[in-house]
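Listed after this line are the structures, all set down as structure tokens.
Two complexes are shown next, each including chain A; its partner changes from chain B in the first to chain C in the second.
And then the complex of A and B:
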């Protein structure tokens, strides 16, 4: 046994050391859920980062320095994410970290990054990541709360005051349900029916019938993710419910229209990012060039449609490049300082303006209210 | 004086844990070391249950989840010190293991595997769905253990990584010492006897159901403490810790290293914790390589790495 242990341990240590020896002038680390349950989020994020780094280096890097990306796959596991964050900081000695596809992974990375004072840009949704504000943690995706606010704003414009809520019980649905219930009062809207479904349910007609029978209900909102909202939309049509249906930003993709069916999806409204409607943006729109360029490059390289999630990674990388360029230095402290000074940077998700108190830097204009007409997206403002 | 193999194992283990940091090129290796020790501690519990008593559990992650969430919740809701929360988690795990194991372990065969599988999934579901308490799938923050600050007060200033490497290392040596003592105790001999044949063990006067239950409860406490250490070390925990895959991982580590041997458990935990770190370059093939390693071990080294290799050396020596 002694022999086994004494030969295996050093051998393993050597192997570990060999895995990370390359040299670069600016090193950016990433821990992303490219596989595992959150792979549909993480896969486009990882691909986006790889593509952008390649593009940037071909153009000569930042301030003449080449950028090296150290990318690890944490599989959405918070424990692994923490290990990789430690590895990125202690072993790879990166100057900044992008990643944390899921909220759990982001919260784990955040703790390590704050300890080591390395700037970290999270790609996860929860508001807890940046509230309270931590000096080194930033994030690019808008919060669930903002999606709720955007939807309620639109409802208010149409004088809707009583709504029914049908939410998935998965992480996304439940978090958004809680946030929506929290802000709904500010818009003078009342929730008269509050139903939930399991993400694996195949039929939601019972819940929808109950909502339809609620007194005075004027519209229905469905915070959810994956296939659930498509089934809700189909059942909604089958029950011939004649009220406006609002979906969340969680299903802002062409896949949703396909799954729900063109007929059923007709008239559905949801808050989406500019990336989804790149062609429809007005010519003077500040986001149009960014969104179009990213979409064209990504789709040419990977032959799959862009997704909002890849867009989060795009924006995270753009923020870093902008910060390093302005700071003229790749010292973590200088990057952190410069990130707080980001002003009017157009990304795919929105236009970022960070301050010392706001490490997200987006407002409600980041969302566009979209409506599905004839199986395609239109912007309604 | 001749050292017993138990003391020799413990001394070698402690020496390796103490000496390894001299070869560490960066702080990250302390983290990997701490991860190995925590996994090895949980797997030592599996050795007691599966290696000594011959029972299989597919739900030990459930106990790790209880231990982990005890550290997240008890300090906030009950005002307990995190160290006491570890004890509370272990007590809850032991009681639950007793309640689950008592009716099941009266039966022969692999009923415990099924029951524990259900139990583990149940714990994961509760952690995921009781959002009001556990904050659901997004996970929850865990308070600091506070021991590092105390050591600093005594003039011993360790980095976070160094502290957890040392602390989990000590926990592992203690855990291994208890498991090795148990091996040679009357209970340990009874466990090994019933592993060989439950009928024979019964006829020589061993209360088979009771001894099996003891093994299950002890191994649940090991998993619970390992879960607590993970939570305290990460200062954040998600329901993944109670997931089915984590249960399978523990059993795999034990089987790989040699399920009847404590050093084997540690080696198995070490290899399966290191592999994903070494294989980041081949991340896409990680599962494939793990499966292959497992298959080769099952075919060629059926007792697991350490017992098979030991046998080979002893064979040559004679």
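And then the complex of A and C:
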């Protein structure tokens, strides 16, 4: 009953021509984990959205309409995210939602958004968010499966066929470990050692010694997040293991080189986004202007280095702006329709081309294979 | 052989970290019977304050001293502001207060120091020492040596000094201790200062190995607590041996069995030990006179 009221009353008002022009403003909702355990992801995301909205409005908004951002902090709590999603749709009456820093929060929000048929762009990693495809849910970050594929592609080029895996037991490490094991067969690569460590462990030399002694091992891959991969990299150097070491996109930041130490990190390869190597991109690169502009603006405003995670929010917002501009309307259904038609949009994470079947729209070119040389990044390809 | 040695070195490195944390529990436990769950936060503060003092341009030894002194002061504040006002409350209440303090310190550290992971250079460089095909970092030797030094100092303190005996007396019977002229309030303050100082010292020694961030305290405290329980709570010898043993169990399980089981195996051993020796390996049987 209440639902029919809330939908029919505005409809009736519009029909009577009573809706004021002030309401024509575009409202975008966001539920982000700016505090709590996922704060290091959510904090740059929230800052990015605030900055971009300010920038956009200063330039005159979308199609002449100002954009209002309604931002909530769900603290990484999936239940809070659900509450905020409901509030965004019912009370704030937003036309689209960005957010869901963690996979848990994203799953909560998408349930609400699908119910109300409001387009939702998730900033979380798991592939389950968009597979199977849900009509109103999209996402910007590449998946760990793609990171595995990118790494295995590079290994294959170097004729590596037997590898050791050392993974963190945290959510990120465990998920990527599973995805890598799932996809590894397609590249003719065999995992001959599969070890794990707790994210708070102080020393991984025991596991690495075991991997080194595995028969025929040619390279080592470390899916992990936080300080674990830095310690693995240091221990690798300590044991003087003479095999290529691959890290994951989870540690694609300057902080990793600093923590692992320049000497230990030498020669480490990992898949990273264009944002990390903005200066190194070729001049003709479609992503170069986007990442350079975002990096410059963010670092000037907040005096901290940009992160991949803030880049996800940047891309989510860019997708929305693009969709609303092309749709020429801020009706949720029209935005949804336009999002599926996104074509060749250069973001910080990659170049997005969405279809009705693909709500992520990135391919493996979104990742650049990077190698650390003399304490700095170089692009391998 | 080189494989075994490498597992041994790995275990000693990890064990030294646990032992250092476990030793920190000893003094407060001996003075009041309270297991201080903010002990891990003291370790975090020791590492964190050193990182920031060092980054501000101070030489490492001075930065470490400042960190230890500042953390000891925070320990005193914790006692004065949270534990002392609840004097007379049962031990369980006091333990819960320390859990609250740990959450508070973690939150404050997140605001003040940020959410980044930090580290500072190892004391004697990053080149490992090679022993018969295995390697150990010099910083691990610092940690093992530091743990041994704290252990000896605590052992001397509790058995050879009046002050140490006064701490034990306070724990045993606070009223009786007061009657024989022991200033029990001072003893409590002192025990918090010392425990916090030892925690910070541990943080200084282990940060180049483990790195630090605002939330490392909880994990460290749990492992240190497990080590202390294994060896016998309140006994410096027990904390030292328990911590090292726990590290060795983990490394040997990871090396010879599978790293997937290393946490589980270590805890199974602890449960088995506590089943047969509820006081831990070196704990004294407590007899209450009625």
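Of note:
Basically, the second predicted complex is superposed on the first by the 357 of 381 C-alpha atoms of A that agree within 3 Å, B and C clash if a C-alpha of one lies under 4 Å from a C-alpha of the other, contacts with A are read in each partner's own complex, and residues count from 1 in each chain.
Simple rule for what comes next: a contact is a pair of C-beta atoms (placed from the backbone, for glycine too) under 8 Å apart; a residue touches a chain by one contact, two chains touch by 3 or more.
From a predicted model like this one, the values you see are computed outputs, not experimental measurements.
In the superposition on chain A, A:33 contacts neither chain B nor chain C.
In the superposed model, A:197 makes contact with chain C only, not with chain B. In the superposed model, A:87 makes contact with chain B only, not with chain C. Shared-chain residue A:287: touches no atom of chain B or chain C. Look at A:179: by the touch rule set out above, it reaches neither chain B nor chain C. Touching more residues of chain A than its counterpart among chain B and chain C is B.
Legend: residue contacts after superposition of the two complexes on their common chain; A:273 is shown touching neither chain B nor chain C. After overlaying the two complexes on the shared chain, residue contacts for A:247 are found with neither chain B nor chain C. Listed in rising order, the residues of chain A touching chain B in the complex are 1-6, 8-10, 12-13, 15-17, 19, 34-35, 72-73, 76-80, 82-83, 86-87, 89-91, 102-104, 107-108, 111, 115, 126, 128, 169-171, 174-175, 178.
Note for the complex: chain A touches chain C at residues 37, 39-40, 43, 195-198, 200-207, 209-210, 213, 226-227, 230-231, 234, 237-240, 255, 259, 261, 263-264.
Chain C makes touch with chain A in their complex at residues 3, 6-7, 9-11, 13-14, 17, 110, 115-117, 119, 126, 128, 135, 137, 140, 206, 209-211, 213, 215-216, 219-220, 223, 251-252, 254-255, 258-260, 263. Residue ranges of chain B in contact with chain A, taken from their complex: 9, 12, 16, 20, 23-29, 31-32, 35, 129, 131, 136-139, 141, 160-161, 230, 234-238, 240-241, 263, 267, 270-271, 274, 276-278, 280-281, 283-284, 305-306, 309-310, 313.
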